[in-house]
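The same chain A turns up in both complexes below, where it pairs with chain B and then with chain C.
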Partner chain A sequence: MSLSAVKINSSTITERLIKVAKNTLNKVTDMMLLPIVGITIFLFVWSITAQSIHTSLGEFPGPNAVVKQFSSLYDEHVIEREKAEAFYNRQEKRNAAKLAKNPDYVTKIRAYTGKETFLEQIITSLMTVTAGFIFAVIIAVPLGIWMGLSKRINSAFNPIVQIFKPVSPLAWLPLVTMVVSALYVSDDPMVSKSFITSMITVSLCSLWPMVINTSIGVSTINNDLLNVSKVLRLPTLRHIQKIVLPASIPMIFTGMRLSFGVAWMVLIAAEMLAQNPGLGKFVWDEFQNGSSSSLARIMAAVIVIGFIGFLLDRVMLQIQQKVSWDKSS
Partner chain B sequence: MNCKKSIICALRTVSLCVVVAISVSTFANSEELGEPEKEELKFGFIKLTDMAPIAIAYENGYFEDEGLYVTIEAQANWKVLLNGVIDGTIDGAHMLAGQPIAATMGYGTKANIITPFSMDLNGNAITVSNDVWQKMKPSIPKMNDGRTVHPIKADSLKPVVEQLKEQGKPFKMGMVFPVSTHNYELRYWLAAGGIHPGFYAPHKGDTSGQIDADVLLSVTPPPQMPSTMEAGTIHGYCVGEPWNQQAVFKNIGVPVVTDYEIWKDNPEKVFGITAQFAEKYPNTTIRLTRALIRAAKWLDDNNNANRPAAVKILSQSNYVGADYDVIANSMTGTFEYEKGDKRAVPDFNVFFRYNATYPYYSDAIWYLTQMRRWGQISDDKSDQWYKDLAAKVYRPDIYTKAAQSLIADGTISASEFPDFSIETGFKAPQQHFIDDIVYDGNQPNAYLEKFKIGLKNGEKL
Partner chain C sequence: MNTSNTASTAKVAESPEQTFLNISQVDMVFPTATGGFTALKEVDLQIKKGEFISLIGHSGCGKSTVLNIVAGLHIATTGGVLLKNKEVNEPGPERAVVFQNHSLLPWLTSYQNVELAVKQVFNKTMSKAEMKDWIEYNLKLVHMDHAMDKRPDEISGGMKQRVGIARALAMQPEVLLMDEPFGALDALTRAHMQDSLMEIQHELNNTVIMITHDVDEAVLLSDRIVMMTNGPEATIGEILDVNLERPRSRLALAKNVEYNRLRSEVLTFLYEKQRKVENISENKLVTKRAAKQQINS
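The block that comes next holds the complex of A and B.
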């Protein structure tokens, strides 16, 4: 009896072990091996096809050429940092000399006037997209809640939202540029016009998914919850704070995630045209340069743009899951 | 007077002397150039090799020597650049010579733009696609070694244009801006070969410049010229370097004539700022002119000895960004026409020699005559009108102040500049045009009468 029981036990244990091993193996293949295989195939196809595409700027860059550009972009960054260092040293000396000559002279340290490096352009792009996105959130979430609360307002605004939603950033940009240069006038501007222009363009395009999702989230709140609020006779603001917001947060964040994706895509186009010194301008400048390494540098930028877009989406997904009370969605 | 008093007297005289001496020295100091009123500046440029003086003034620290902290930024096209200068997003820019003139006149956006510094002479060429070149080539005279005789005139292009016309297809060419040097040079070359490039009629709202045209000219930004021609949208173009040499490198076209051959030592780009800027920041204006003069001189020093170093700077991605070899071709004194046909053109880019940096009134007036010739100026104007407008835009007075201060502090010797005591701002009548017509800046209306194709006195479309 006991022996057979042990036998059964041991066999179930081995079975379980095998199952676990199989599962982990499957997971490992799914998580690691398959992507690696996919990427390898992609790199292979890329380098083969690249060799057979001849443009007037030479061969289409293969993976090798792009990797080489990554290292040369980094080298350029290091060199530019050194130049910046020298620039500040010279400036300090000049300021000291001026101060010696004229004690009333108010010294001022000026930012380095050289070119932005690739790394700095990435940072500019991230800052622009974040600023544009936050600006969009500030407008979209209240608007969406308002639309969600009242059917009438929803039907009043919905057509406008639907019309503006599919508009390309390229169509907005000339309008935004002219409006910004007319209204944003100051002698010592905090941020450049090109930054404001790209930021507003990003906001205009990333607004709509958030508005729609927020209003849907708000309008589909469970009736029981609304009844609770009614029974308690909560004033409007308390009602929004205690019932509406908590209940619709998952939808709001789904909208935000969609919007952030749109914002990142729009940003590159906006920067190209507004000449905001980010990744979009990098791509545009390289296209204009038309040197033998331009295509490889653009390809390097494409990979960076994709990679950052992916990371941003992951971050948004994490936040979305954190704030969502319904973990299954 | 007793002894005591005389000592006091002596002391008084001495102190008086000291006071006088001090006041004299402060007077001399006030003659010296003051500190710049605006130290942080932003300059715009278009990706062309003739922006070199700005890049060199930055890289060699000439701007910093003047206490100026300059940021240099490439602009998308000439229109964006001009608007930037007008609305103040950029303080100054590398401009087409025609831009400040047209802006001040009110053709296009109206704004009083001035130029204290002429950036270069020559530097442009006309390129046609391989297909057009193959059709042109049989009618061009050859030398003993089989290479074509230069300069190539538009006469050899005429049959190609006519052939296309018979098939009902338009012959299209690109230039960079309606008031660009390239537009006038291309028109000059075409008209000298009997091909009508078309009139403008702004008073009728027609600014396409294609009235009566045999060849349709249209605007394309310089860096996009080669790709636009490769796509077949245009059959040829007139543009600055490196975009002609790039057509050779990419095997998509052949430069047929340089502007040096159309008009020897023609004025090309200028440095443009608004009149308000010059008024508000006089010291800054003189100082930036000083830096640019030094840069231009460095570019031409010792028979172009610094050009390879300059090309290396220009090939950086934030300046022109094309390959070193492409830029070097024209900047170092050679020019490649047909692939392999490299010829010496030592004056293809002139930055300082022949008083290239001095803003001559007669240069401004030549542009005005061409604007009138092609109808951009709809009505007759008096000779005096031409001179007044030129004096409003071209500012040799600022240039002279900058140059004299450079002479005074010993940076550049006086012999490198025109003799400012007798300089009138008008060059002696110039002869070296491809059609041998002589230009005298003092008589613009008489000059216009000499052209076969073009508007003359009393003509209005």
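The block that comes next holds the complex of A and C.
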């Protein structure tokens, strides 16, 4: 009697274990195995087709060539760093020697002017896109709130938003370049003109999704919450701070994520034309360079651009979940 | 006579020292695409301080519109509302509203929801410590002191409504307006909330206007039950005085003759005299849509 009970028990336990194992196996398959299979197929197709495309710069780079370029890009970075360090060392020694000869000598420190490496260009790009995006947020969120609060303001501005939204960055860029050249004049500029031009172009293109989402978020706030604010007679600023902003945060962040995606895409094009020393310029320079490894290096940049775009979106999602009260969005 | 019509209530208006809140000859016309929709016609009601009034009537009869006019969220087309002889023309914390679906701010905890109101109303008259005590006192009053730091999505429907009531009470309103406060709750929770409300009312003796669909709730809680006719052009049909002794207990009242008489009076009014014949939902939609447009504009 008890023996059979034990038997049943142990059999149910093994059954359960099998179930758990199956579940985890399914999860692992979904999370890891299938993406790996997908990527493998992609790499396979890529390398097959690459072999059969012949360009004036040689064979189209397959995965192998691109991986090789990744390591050489890194090596170049290391070498360039060493050169820079050597340059500064020499400068320091020279200055010390001059000071020893003549104690009144005012030392001059010059910056190293070697070419930017791939890693430095990534950092430039990240800084440019962040600056442009923040500039866009500063304009778009207040404008969106204003439009959301008043139907009249919305009617007034909505046509402008709708017309400028689909404009390509390439159309803006010449205008921005000329305006920046005319207005941003200084003997000792803090940042380069190309940086400003790229940044503003990024802002101009990433503004609109944020404006639209913010204004929709604000105009669709639950009427009951607005009534609460009315009964409390909250002054306008407090009303915005305590009710409007938190209530529309989920929508605002959705707009921000869309905008950041747009900003990153626009940036590459802007950097190409504005010659801002970021990833866009890297791609352009490699294209102009036209060496046998150029295409592989561009392909490496494409992959990096994709990865960074993906990571930026994840970061925005994390921030959204931290800030927003609505955990479902 | 326990029932009286609008003509006899006009007598009360002649002695203004007794009238705390005066809803005077209110008409409400909502603009619609096909012309004006008259939701209310000559609604006239005088309320004494400390009175508990229930508004009862079928859906779409304009009960919410009356409440919104008293709250100041709607402005009457003609006529008006006087609170302590001062005209009501905008919303304000002295006429606190408990909304039907709690309308707590979902990103704030119970404590913070009440705090928002307290900070706004007693900003100049209370110190920080006094505010804290006052917020906690009000949450304790509705038995929500154990969940002060919980957000609305972490507590049940009944608890949310309690916090909503605490928020309204914390404004120390002259009039407490409740729009079907327990309508969305299950029967057991509702009974519990009614008992709580009676307890609080016993302690604070607020002036309350409550909208309800529930005949038992109206008789149990009110001093007077205001029964409204069907819209359009809804108005006050009958007013029923409830002279049951307080404190009231639902169990004891179940067998009380007077209680059952009052109950059947309300039922007779609702289901014989004002039986709905036309399509209810269509009518309600028109009013609600028109009301929404008003608030938004």
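Keep this in mind: the second predicted complex is superposed on the first by the 295 of 329 C-alpha atoms of A that agree within 3 Å, B and C clash if a C-alpha of one lies under 4 Å from a C-alpha of the other, contacts with A are read in each partner's own complex, and residues count from 1 in each chain.
In the analysis below, a contact is a pair of C-beta atoms (placed from the backbone, for glycine too) under 8 Å apart; a residue touches a chain by one contact, two chains touch by 3 or more.
Bear in mind that the values here come from a model prediction, so they are computed numbers and not experimental data.
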With chain A superposed, do chain B and chain C clash or fit? fit
Would you please give the vertex angle at the Cα centre of chain A, with arms pointing to the Cα centres of chain B and chain C, as a multiple of 10°? 150
Identify the partner contact of A:L225: answer first if only chain B is touched, second if only chain C is, both if each is, neither if none is. second
Considering only the touch criterion stated at the top, classify A:K27 as touching first (chain B), second (chain C), both, or neither. neither
Just to be sure I read the superposition right, which of the two partners does A:R314 touch: chain B = first, chain C = second, or both, or neither? neither
State whether A:R233 touches chain B only (first), chain C only (second), both chains, or neither. second
In the overlay, answer first, second, both or neither for which of chain B and chain C A:K242 touches. second
Just checking: does A:R16 make contact with chain B only, chain C only, both, or neither of them? Give me first, second, both or neither. neither
Considering only touches as defined above, state whether A:R94 meets chain B (first), chain C (second), both or neither. first
Which of the two partners, first being chain B and second being chain C, lies in contact with A:K115: first, second, both, or neither? first
Considering only the touch criterion stated at the top, classify A:S56 as touching first (chain B), second (chain C), both, or neither. first
Please give the least Cα distance, whole angstrom, that chain B and chain C reach in the superposed model. 51
Residue overlap on chain A between the chain B contact set and the chain C contact set? none
Residue ranges of chain B touching chain A (in the complex, touch as defined): 35, 39-40, 47, 58, 61, 64, 67, 69-76, 87, 89, 223-224, 226-227, 230, 246, 250-252, 315-318, 320-323, 326
Okay, in this complex, where on chain C does chain A touch? 71-73, 90-93, 95-97, 99, 101, 103, 105-107, 116-117, 120-121, 151, 171, 292, 295-296
Seen from chain A, its contact residues with chain C in the complex are 151, 222-228, 230-234, 238, 242-243, 246-247, 249, 325-326
Footprint of chain B on chain A - complex, ascending: 56-57, 90-91, 94, 98, 110, 113, 115, 181, 193, 273, 275, 284-286, 288-292, 294, 297
